[in-house]
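Chain IDs A, B, C, D and E follow the sequence of writing; residue 1 opens each chain.
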Amino acid sequence: MNLGKVAGMVVSTRKEASMEGLRLMLVKYIDEDGQETGGQVVAADSVGAGPEEVVLVASGSSARQTTSTDKRPCDAVIMAIVDSWDIDGNVKYKK
Amino acid sequence: MNLGKVAGMVVSTRKEASMEGLRLMLVKYIDEDGQETGGQVVAADSVGAGPEEVVLVASGSSARQTTSTDKRPCDAVIMAIVDSWDIDGNVKYKK
Amino acid sequence: MNLGKVAGMVVSTRKEASMEGLRLMLVKYIDEDGQETGGQVVAADSVGAGPEEVVLVASGSSARQTTSTDKRPCDAVIMAIVDSWDIDGNVKYKK
Amino acid sequence: MNLGKVAGMVVSTRKEASMEGLRLMLVKYIDEDGQETGGQVVAADSVGAGPEEVVLVASGSSARQTTSTDKRPCDAVIMAIVDSWDIDGNVKYKK
Amino acid sequence: MNLGKVAGMVVSTRKEASMEGLRLMLVKYIDEDGQETGGQVVAADSVGAGPEEVVLVASGSSARQTTSTDKRPCDAVIMAIVDSWDIDGNVKYKK
């Protein structure tokens, strides 16, 4: 999984029928220091993530291992909201 | 999924038989500001995307989760046409 | 899929038994202008591609969705020979 | 698989139900000289890896081939703790 | 598949039980000129590759399409030892 921060939402009315009802969030990837890496992804939201929230994104076929994304053309999913992480015993991020 | 802009179409007559009938679009990837990232992909079109349209591309095995790409040697599919997206509450793109 | 140009052939006698009989081509990736990107891949050939030919390569599990690569440890396949492509209505490449 | 060093742990209470009980470790990728590459990943731990430990991370669908990650939206798993490796016959790392 | 050169071996005693008995090789990726690209991977060996040997590595789910790696948390496998390759008709590498 990769750390990311929810930056916004993507709206699409014309899409694969199976994608109906999925919230598509624009997520900017961040590194272990919480800095943006320059990369971004549009991920389906399976946990109710809101703007600015720090999340984990699973990619590839693993993104389809949730009830809401199963068998859909979806290659990225927000599957966790991050409370905190530490590096070498020091808290680096706390919600 | 990744944001992209349809740049053109790729024509191929000699190909895997299962790819017959699929429209193959050349898509340039764009970032959250709508700027081209320098990357590109050739994706099957499952939603009727036209030139210059901003789309979402799903990659890997997820690209085969549509009726038109199922069980085909296809690793990228346009599965949505983007209406708009926002960043930090500001509309960044609107069709 | 990614655009590439067939640069040569790779010969291997000691390999996974299931790979027997597959032609393995060295493909240099090219971008939408036909310029080499610096990347390359060794892909199984399922369409009879010859030297210098411009092709499409499918990667990952999608590379196994052909009769010749099914259930084999093969992560890249040439599944189409490109006739032409256009960008913004202008032909960029024609065979 | 990729070499990495366990840097810390990620805590998340709001997540996909199937991820319950998995320890999520922040792993910094290292190269064959043991130097950090600048990349990082959050991986489920299936072997009881501790802080600072050098590990192997499997990614993609392969990350779901363990009892603890099967059918979960998990795209990276620590599946081995590294004892040592050599390059050209010289031990480069020893636990 | 990607070209690589076997650089060494990785030893791990504490690992996923299903990985028992697999030889894990440290492989440095090389390009079409035989030059190291700077990337490396730890791959299971299914063909008996030795030190310094030039090999092909299959990645992702394709790495599990061998008897020795089936259903294991293994995302890279050496599935061929390279005898030779040519570029534009000139032999670039010969064992």
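Side notes on the structure shown:
Everything that follows uses one rule, which is that a residue touches a chain if its C-beta (ideal position, glycine included) is under 8 Å from a C-beta of that chain, and two chains touch if they have at least 3 such contacts.
Computed from a prediction, not measured in an experiment: that's the story for all the values here.
Centres computed as Cα averages put chain A at a distance of 20 Å from chain B.
Mean C-alpha positions place chain C and chain D at a centre distance of 32 Å.
Each of residues 60-61, 63-64 in chain B touches at least two other chains. Chain contact topology: the protein chains form a single closed ring, every chain touching exactly two others.
Around the closed ring of chain contacts, the path that opens at chain C and continues to chain E reads C, E, D, A, B.
Every residue of chain B that touches chain C in the complex is listed here, in rising order: 7-16, 18-19, 24, 26, 28, 40-43, 51-52, 60-61, 63-64, 71-76. Across the interface of their complex, chain C is touched by residues 1-3, 31-32, 46-48, 56, 58-66, 69, 77, 79-89, 92 of chain E.
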